[in-house]
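Listed below are the structures to be examined.
Each of the next two complexes has chain A plus one more chain, namely chain B in the first and chain C in the second.
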Partner chain A sequence: MNAGNGGTRRIDTSYLARVEGEGAMRVRLRGEEVEEVELRIFEPPRFFEALLRGRALGEAPDITARICGICPVAYQTSACQAMEDALGIEVEGQLRALRRLIYCGEWIESHCLHLYMLHAPDFLGYESGIAMARDHREVVERGLRAKKTGNRLIEIVGGRAVHPVNVRVGGFYRAPERGELEALRGDLEQCREEALATVRWTAGLEFPELERDYELVSLRSEVEGEYPIDNGRIVSSKGIDVAPAGFDATFEEEHVPHSTALHARVRERGAYLTGPMARFELNRERLSPLAAEAASEAGLGDGCRNPFRSIVVRAVEVLYAFDEALRLIDAYERPDAPAVGWEPRAAVGHGVSEAPRGLLYHRYEIDAAGEIVSAWIVPPTSQNQRSIEEDLREFVAAHTALPDDELRHRCEQTIRNYDPCISCSTHFLDLKVERV
Partner chain B sequence: MAAVRRKDPKPKLAVWKFASCDGCQLSLLDLEDELLTLAEEVEIAYFLEATRATVEGPYDLSLVEGSVTTPEDAERIQEVRRVSRKLVTIGACATAGGIQALRNFADVDEFVSTVYASPSYISTLATSTPISAAVPVDFELHGCPVDRYQLLEVVAATIAERRPAIPSYSVCVECKRRGNVCVTVAHGSPCLGPVTQAGCGALCPSCDRGCYGCFGPMESPNTESLTAWMRGLGAETPDLIRAYRSFNANAPAFRAASEREEAAT
Partner chain C sequence: MSGGRRLFIGIGNPLRGDDAAGLLAARALRGREPRGIEVLELEGEPVDLIETWEGTDAVVVADAVSSGGEPGELHRIDAGEGPLPATLAGASTHAMGLAEAVELARALERLPARLLVFGIEAASFETGAEPSAAVRAAAQRVADAAAEELAPR
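For the complex of A and B:
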């Protein structure tokens, strides 16, 4: 940090902690004016879209899982669905239920990691979840218990919590026995009770003021009354309503010099927000009664446009995911075949699902031999990057009087609101506030 | 955690990330039942995925995730080694170069221009290489991702200054122990289990699929024999190249196996 220099202030932090993957942020202030806000992502590029070419289409779920260790199920699901779209097959009934069930496990695991270990410490003034545990041991243990149960759900359906091995194009390699899922019932029920307590606990946190008029973008399930997780149409608060194949015509990506993650925007409109707040706002009537009631009780009845309150929305989604997992297990009957068969054909396919941190789109072109000709992957963080920058701009503009250290911490928190998975932008964070 | 001797002051643990998916360091946070106990036994001195508080080095143990893919990272790993008493690499990226090492078999400039509209903004090396190619490494833990209990064992053993109990035999041994029916013998499924290091618990065969080698080559693997077996099951050259060329493509034994197939065409 250096002050003075003709009214110039610069805050500079090299790494942004408690985000998965690493990146940097730069804010430049001239007096009270915010001149520039950049979320810089210099996660070393790993070139997934290039290395997928020439691979067999069936390898896409395992390979793309490696884009992100926190949300591999999202990558596997979007990849499977894109391939299934290209192959002209439908994965329905209990196979789809299993897909939704493993995804519930990922929402729980990822949301609880963020909520308890990464985000809550910001509100309570701790450097980490581990430090927070010294004073709030019960709360942190509750979070770890929920996270563990989410991971166990992924393990039972997927074989492993990080990079599950049981997911494939057309379904699974092996469908679990009903008894294997039933074995988790007690833990799921206990965690659902505790998730309700977590919603109330997050609602009592103190939120910095910031109201934003986002264009919210999420999926909407084509199944009536179902909250979007694994698939659906892409809808927005400003009228977008397209099938996954319409992604390209609706959104565009731009390569900016300060980032190895591409920036997405709505064509001819601009920034949009994807993730828990968007899903909630656009689908809250589709939550389970228990989750909907908890949301109203937590003060989300009129919606939520304050990104700091996204922690409450995540808590509601965790509650929903436990509730939904139990519903799916209640209705589970082991399918006759673990997967739908397929034959390769030359085609293009699109797949979209709701990663914990937002929309994840995959598009593949495959040839008649079943090899990938081209791949296009748009992760949630690159879609949210513009909105994060705009939040920072507004937040900093309203808080230029804060001392540099405090402002830096608040900016970090503003970024963490998004649970940004920087490695999932296939890509690394560092924070600079420059006052010129 | 009985294996960890309490020391005063507590040993300092650092976790570093290079090119990776974060899944291996996440495995530490996935030790839900052991995490808070671990945090009492060691000082978590540098672990950005978990905490913004950082303590200056030197560190007693550095866990390094990810591969070296940029000029900046090639320098940073030297600094990490300088401040680390023991350095352990975790996962396929750090031990072999990871899935991003597929560029080692291709033209990186063509890769850059495929993904990015403005290639000039991108700074990258032509290869993705393991940490051991840049600095001396005290122990390498395999896996894509690592197994969290193996990770805990390595941390506990390193702090206790004993050798980690990590087997170097193949997945086949774990499969037999689990009582699995062999997926190759019974179903004719291609399986890298015979040449892949154990550690996962034979996950894939337990899900009725062949092992895809994410723990990398075992000690002295006989890939020539396995290749012949897989051919007998109907695998063709491109399938064989792809099989060896995935998350541990740049591990010497798998690299040699895929290049042998490529040379034969």
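For the complex of A and C:
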């Protein structure tokens, strides 16, 4: 990082902490002008799509779950739904409820890791969650309890907390007994109370100013009054409304030289935002009354276009996930069969679900014997990459007067707003601000 | 160590060469039927570790490390004596590893009464590779040392 000569400044962070995966960031300023902003992702591509070719369609949920240790349920769900679409079967009733329930567990564990351990330290001026824990023990303990309860939910429905083994195309290998889910009720109720306290706590944090005119993209459940988690139509704040099969016609991916992750964009339009802020604004009337009231009390109103406030939206979604998990457990009756049967057929199928950090799209072509002919996976971080760069550009342009150290810290925070999962998008973060 | 709950935790990834070091140590210790010692194999997720060692009297954790030493070299660290060296943050691709788990537990006053860490110097974390001979031998030495450290006294 250099103080500039001739008004030129360059700030480098060659290793971004508190994000999942390996990446870097570079910002170059000439005087007050932002010349270049690049989120560089250099984790090697992992070739999952090539690995899937020639495998049996039933293997896709377990293979793709390995793309991410934080959000395997999202991969499993999108993969299952794409295959079910291809096979022409519907997973409904209590089987779908179980799918939504295990996904609530993943939202809880993933959001809580980010909110309490990775993101909150930015607002409170700590270099890490551990440093924060020494002074804010109660808050961190609350976060760990929530995360643990989310993990237990995944364990009970999915067989184990990391890379669940009970999920399959058509449903599950074994449906849990009602009593197994009931056993979690006390912990879920306590965590729901604590999640409400966390919404209020996050609402009281200080947020840097930044208002962005995003095109917000999320799912909208076809079930009236339901907040999107496991499926739905793809909708946007600028009028997109398509079934999952319409993903390809609506969005495109392009290769950029500075990143091993593809950049996605709305065809003929550009950047878009997926994840908690998009889900919230496009579906806020579908939150449970408790979560909706908490959001309103937290000042989220009709929406939130300041990416730094995404921590409040995540807190609302954690509250919702606990509430929704309890609702699903109340209504649970063990299904007669743990899965819907299927016969292979040659077809193409599309599946999309709301991973904690945003939309996760899978498309598979399968042959008559049930082998995978081609696979296409578009993870949320690659969809958000362009918006992250635009946030950085606008934030830096409005704050060129900040000293380099502080500017760099704020840039890192801007990236962490997204809870980016760089491992997923390719596929670590290194940050450079350059003033030339 | 005291007569309370005693635990050995081997951490690792079986698919990443020498990253399996902790798991190999756990399997070696289990093979010796260590009476009264619980032996677990975990992936090393910090919250999971903290929950697992909560309320135990003595815990030995083994994990692969990459600190520039000779492959198979052992590092024995008593977590009660101070912060773990940063080089033991491990080769995990996750945002947090064993060192972070230990420091988080310390901040939250949730360290077990006694916690020893054995770091096994790794040569390679190549995907799909077999663990190296030096690391396999070191895992045996860790199992010997852990059986001794965790023996009822």
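Quick note on the criterion: the second predicted complex is superposed on the first by the 433 of 436 C-alpha atoms of A that agree within 3 Å, B and C clash if a C-alpha of one lies under 4 Å from a C-alpha of the other, contacts with A are read in each partner's own complex, and residues count from 1 in each chain.
Just so it is clear, a contact is a pair of C-beta atoms (placed from the backbone, for glycine too) under 8 Å apart; a residue touches a chain by one contact, two chains touch by 3 or more.
Predicted model, so just to flag it, every value in this text is computed and none were measured.
Visitor: Chain A superposed: clash or fit between chain B and chain C?
Guide: Partners clash after overlay.
Visitor: Let me test your reading of the model: by the given contact rule, A:Asn151 touches which partner, first (chain B), second (chain C), both or neither?
Guide: Touch status of A:Asn151: both partners.
Visitor: Which partner does A:His119 reach: the first (chain B), the second (chain C), both, or neither?
Guide: Once the two structures are laid over each other on A, A:His119 reaches no partner at all.
Visitor: Determine, under the contact definition given at the top, whether A:Ile63 touches first (chain B), second (chain C), both, or neither.
Guide: In the superposition, A:Ile63 contacts chain B only.
Visitor: Given the touch rule stated above, what does A:Phe47 touch, chain B (first), chain C (second), both, or neither?
Guide: first
Visitor: So, does A:Val140 touch the first partner chain B, the second partner chain C, both, or neither?
Guide: In the superposed model, A:Val140 contacts both chain B and chain C.
Visitor: Please name the chain, chain B or chain C, that touches the greater number of residues in chain A.
Guide: Per-residue touch count on chain A favours B.
Visitor: After lining up the shared chain so the two structures overlap, which partner does A:Glu412 touch, if you call chain B first and chain C second: first, second, both or neither?
Guide: The first partner, chain B, only.
Visitor: Contact-wise, after the overlay, does A:Ile130 reach chain B, chain C, both or neither (first, second, both, neither)?
Guide: Touch status of A:Ile130: both partners.
Visitor: Which partner does A:Ala161 reach: the first (chain B), the second (chain C), both, or neither?
Guide: both
Visitor: Now that the structures are stacked on chain A, which of 5-13, 113-121, 221-229 or 239-247 shows chain B clashing with chain C?
Guide: Given the superposition on chain A, chain B and chain C clash at 5-13.
Visitor: From the superposed pair, tell me which chain A residues show up as contacts to chain B and also as contacts to chain C.
Guide: In chain A, residues 18-22, 69, 113, 117-118, 128-131, 133, 137, 140-141, 144, 147-148, 151, 161-162, 423 are touched by chain B and also by chain C.
Visitor: Within the complex, which stretch of chain A touches chain B?
Guide: 15-22, 43-51, 53, 55-56, 59, 62-63, 66-70, 72, 113, 117-118, 127-131, 133, 137, 140-141, 144-145, 147-148, 151, 159-163, 165-166, 168, 172-174, 254-257, 260, 262, 338, 412, 421, 423, 428
Visitor: What part of chain B is in contact with chain A in the complex they form?
Guide: On the chain B side, the touching residues are 17-24, 26-27, 29-30, 32-33, 35-36, 39, 44, 48-54, 69-70, 73, 98-100, 102-103, 106, 108, 110-112, 114-118, 121-122, 124, 128, 144-145, 200, 203-204, 206-209, 212, 214, 239, 242, 246-247.
Visitor: Taking the touch rule as given, give the residues of chain C at its contact with chain A in the complex, in rising order.
Guide: Touching chain A: residues 43, 45, 47-48, 50-51, 93-96, 100, 103-104, 107-108 of chain C.
Visitor: Residues of chain A touching chain C in their complex?
Guide: 18-22, 69, 113, 117-118, 128-131, 133-134, 137, 140-141, 144, 147-148, 151, 161-162, 423
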